[in-house]
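Below you'll find a set of structures to go through.
Both complexes below contain subunit A, partnered by subunit B and then by subunit C.
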Partner chain A sequence: MAEQGFRTCSVTGLKVHLPAERLIKANAVTAIIFIAIGGAAALLAALTRWPAVHLLGPEWFYRVLTAHGFDMLIVWIIFFEIAALYLGSAVLLSVRIAAPLVGWVAYILMLGGAVLVNIMVLAGKSDVLFTSYPPLMAHPLFYLGVILFAVGALIGVALFFATLYKARKEKTYTHQSFPLVTFGLFAAACIAVTTLLHGAGIYIPTLLWSLGIIHDIDPSAYRLVWWGLGHSSQQINVTAMISVWYLIGALSVGMKPINEKLCRTAFVLYILFIDVASEHHLLVDPVFGNAHKIWNTGYVMHLAVLASMIHALAVPAGIEVALRKQGYTKGLFEWFKMAPWGNPAFSATVWSIFIFGFLAGITGVVFGNEQINMTAHNTWRITGHFHATVVGGTTIAFMGVTYYILPLIFRRQIWALSLARIQPWLYGIGITMLSASMMLAGAYGIPRRHWDIANFGGSPFAFAWDPTVYIWLGVFGIAALLAVAGGIIYVAVSAGTLLWGKKVE
Partner chain B sequence: MSIYPPDKVWWKPIDREEKIWLVIALIWLSFTFFLMPVLHVYGRQNPPALSYRVTPERFEALSNEFIEKYRVLGSDGQPVAINGVPVVHPQPGGDAYIVARAWSWQPILELEKGKPYRIHLSSLDFQHGFSIYPLNMNFMAIPGEDYILRITPTSSGEFSILCNEYCGIGHHTMVGKLIVR
Partner chain C sequence: MSGKESFPAPGTFVLALIFLVVFIAVYFLNLKYLGSVWEVR
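Our next item is the complex of A and B:
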């Protein structure tokens, strides 16, 4: 007989607290709704930047670009992360969530904030892009929306910490430490606190400025603090993504970390050293001297990169060891051939590791170099780089874990499993091509956030690009269509599962 | 498994394979770690790092003074302009100004190949991105900051300057020119 308010998961044997489960469901469903909105905006933006189509006019292009950046980078990712935090605390530790009501307050603040921002953007009152660099000014409700969202997220993170504390006090887990996945999410949550504080620190004055209460927002100071939000949040994403790799590894092949000590140390390195790296966004800004720029972006950052290198071996090696234990020991690669490729969560993880490792991480370190950054800053090299990190890495990993959340938390069998099986491939191939083509076009100087690279809106100074860029822009267009198709399948499979998926008992 | 608490004793020594990998990673990271300062000393191009605070009004006044002083005059004695933007030939070795405002770059500098210049870059309104084509060099033009680019042109010809930081609805029309003789 299960304890009141709990059920026992038949797959993992974990006790699942039902109010926590409801919160996970709400946050996950909302995340998926926003990836659908952000994906529609992605399609429109991509069809405009594909010179062969050039779909929207300038107003709507910058408008959907604002919506795309915000709905994807902030709303989809953070809602999903909050769901993951509740999963990593209450479910993995078999404990009651500390205060379900607080979880709902957080949820409503985040949802309200996200809706408010979207309304202000789509109503044409906030064409400032998601970075909202002053002195471009948005409607005050845009800034208020961002603040509500950040405060809600911060409350969600606090609830995660409170739940960990409760588990510790009630000794709901054996031995001395959390499971590795929870530990990784704990690192992500620590980074989230500083990140969201930067967000509040910059958006509260900006809100007051838009209301006329403060007269000036210093543009270069804004950039410094804003990137404490904008870049540090990418570090939450990396850390959460790696935790998800360990989670899917455990569920799909029974992976054990080869060395718990090393994996955990790597997560600690993230907490300690990743924040300062944010300043690589300011490498070609005035204000800071070279010594400062080199120190922050070059030196300290490497200890965070070391952490990524540790996981880069630990995760694939853990998978290999687990599969060899299952008896796939022939030759060097039998384990790889016999891996559960039919499991979309597994193939999504492999794509995530591949894109993050080879496309995202390496280009990040390269473009973060002081000299190379001069040729990359604000070009499509950067946009290509971060579509590899946050889309090819984090988003695909989150899509993969959805294929476990659906049966284990929503308790529905995946609807249209064969579609789900091709989804990571379609999305993975699409994003690989997308970010590679963006980076290649960017190498010629193709700017990001630009409505008309062909004619410059009729400027008399218009010039012609090296024609090679049009090859890459063509590849980009096709890649965007593939990726959007993969995104549509993801949303359709999720929605179909909730509507028509067979109930799992 | 990584979803369950670790074994009772999990603080175990690191395996040989992981140790080898750690060493490789550390060697590689030390390489990129030292690359940046080494390139900074021995490389030919570095991001400029000298800047001063300046109000947009003051920057505008200084740049107007500069444009007046060094304007290129045509054979008819009239100031030369291309598409309405004045062409200016600064003193080699001296200061020059590039002003970003929504949505134009002022003036058109005419530089001499092989001569050093101190170019002052700033914005009078929004944040703009100074991107020079086909060289593909990119720097921020931020209101309130006078960013000094110390450059010596090494190739001659006409270069385009485009804005690559979003600066409002006319952002994509913000193109300018720079000439090296």
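Our next item is the complex of A and C:
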């Protein structure tokens, strides 16, 4: 007889705590709703930055860009990560989630915060973009919404730690340490604590400033602390994404890392050094000295880069070894040819590794170089880089793991599997083209945030771009449509699976 | 044990070399571009 409050998964044999399962479902579904909202905003922003269309006026452009940044970089990803934390603790360790009620409090705070921010942005009271740099001032409820979201996420992370403690105390797992996926999520959660504390640390004074209680916010101090949230939140993503690579590798081909100790060490390198990567946003700031900038971005940051390179080689190597064991030993690449490409989770992971390594990783290191940053800063090269990282890396990986979460947690067969199979390809090709075209247009000086790059809003100072720029802007427009089509399929397959997918027992 | 057996992922090694070449090329192109717009006299 099943233990009370648990069910046993017929595929993995794992004991699934039902209250944890409900929390995973709520957080995952909410994440997908917000990727749909953020994706709609992405389409509007892209159609405006594509000069051939130039859809929106300046007010609505900055409004949808603010919503797009917040919903995609923060809301979709962190809701999904909280779902992943509960999965990696309660489900993978077959333990009761420590305090389900606390999980619901965290969920309500996050949802309330996210909705509040979206309302304030779409009502036109917070056109401050994702970075909300002072002296731009938003409505106090915008800052309150961000704080509520950050506090909710922090509570969710605390619940993850408490569940790990419970599993350790009750010895619910057989390994000496947590499984690698859980260990990776633990690293992500450690980074999340510092990230969310930075968020609270900067948004509480900014809220007081918007209420008139504090009269000044120093823009430099704001930027320093804010990037402890803005960039570090992407480091949570990177760490969670890599945990997802290991999970999908294990589930799809039976992958085991060649050297697990090395992989664990790489996660520790993330905890210790990845936060300083935030400093590359400050490379052109006049306030900080060169020694400070170069120490952080020229030296320390590379220890985190080393960790990424270890993971980005450990995962394909693990997959290769697993597939060679299955008999695909001919030549150098038979294993690659014979890999399970029909499994959308697997193909999504390969796209994620490819884009994260070749586009995002290389450009991240290059643009983090102080001298090169002088030409890249505030151009579209940076936007191209982080779309490769966050969208091409994290979002595709999370889309991939959704194709396992739907049957294993929601207990539904994937609806429209043939559509699901092409989804990672469409999205991967779209994001690769989108990121590359942004970086190439940015190399000609196309600015990062301007609404009207062709005419600069009728500025009296005319500027003629090299005509090549318009080729890259055209490629960008087409790529954005491809990526949005891939995003629509992802949302449609997920929703269709919940509504019409056959039940799996 | 032969050398071949002790190296379990030769395909990944080749992929890593391709990655390294791309890395060097992108770094070089960016520095070359920087040199063209930020001339040292």
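General remarks:
Methods note: the second predicted complex is superposed on the first by the 504 of 505 C-alpha atoms of A that agree within 3 Å, B and C clash if a C-alpha of one lies under 4 Å from a C-alpha of the other, contacts with A are read in each partner's own complex, and residues count from 1 in each chain.
In the analysis below, a residue touches a chain if its C-beta (ideal position, glycine included) is under 8 Å from a C-beta of that chain, and two chains touch if they have at least 3 such contacts.
As the structure is a prediction and not an experimental result, all values here were calculated from the model.
By the document's definition of touching, both partners, subunit B and subunit C, reach A:Ala443.
By the touch criterion defined above, A:Gly357 reaches subunit C but does not reach subunit B. Of the two partner chains placed by the overlay, neither subunit B nor subunit C lies in contact with A:Pro467.
Judged by the touch definition given at the top, the superposed model places A:Val181 against subunit B, while subunit C stays out of reach.
With both structures placed on the common chain, the touch criterion links A:Pro316 to subunit C but leaves subunit B unconnected.
Ranked by how many residues of subunit A each touches, subunit B and subunit C are led by B. When the two structures are aligned on the shared chain, A:Gly212 is found in touch with neither subunit B nor subunit C. Of the two partner chains, subunit C is the only one touched by A:Leu332; subunit B is not.
By the touch criterion defined above, A:Leu129 lies against subunit B but remains apart from subunit C after alignment on the C-alpha atoms of chain A. On subunit A, the patch touched by subunit B and the patch touched by subunit C overlap at residues 258, 313, 317, 365, 369, 371, 374-375, 443.
Partner subunit A is touched in their complex by these residues of subunit B: 1-8, 10-12, 14-15, 17-18, 21-22, 25-26, 28-29, 32-33, 35-37, 39-40, 43, 45-47, 49, 51, 83, 125-127, 129, 131, 133-134, 136-140, 142-147, 160, 162-177. Residues 258, 312-313, 316-317, 320-321, 324, 332-333, 335-336, 357-358, 362-363, 365-366, 369, 371-372, 374-375, 443 of subunit A are the ones touching subunit C in the complex. Note for the complex: subunit A touches subunit B at residues 12, 14, 58-59, 62, 92, 127-129, 133, 135-136, 173-181, 218-220, 223, 246-247, 249-251, 254-262, 283-290, 293-294, 297-299, 302, 305-306, 309-310, 313-314, 317-318, 365, 369-371, 373-379, 443-445, 447-453, 456-463, 465-466.
Every residue of subunit C that touches subunit A in the complex is listed here, in rising order: 8-12, 14-16, 19, 22-23, 26-27, 30-31, 33-34, 37-38.
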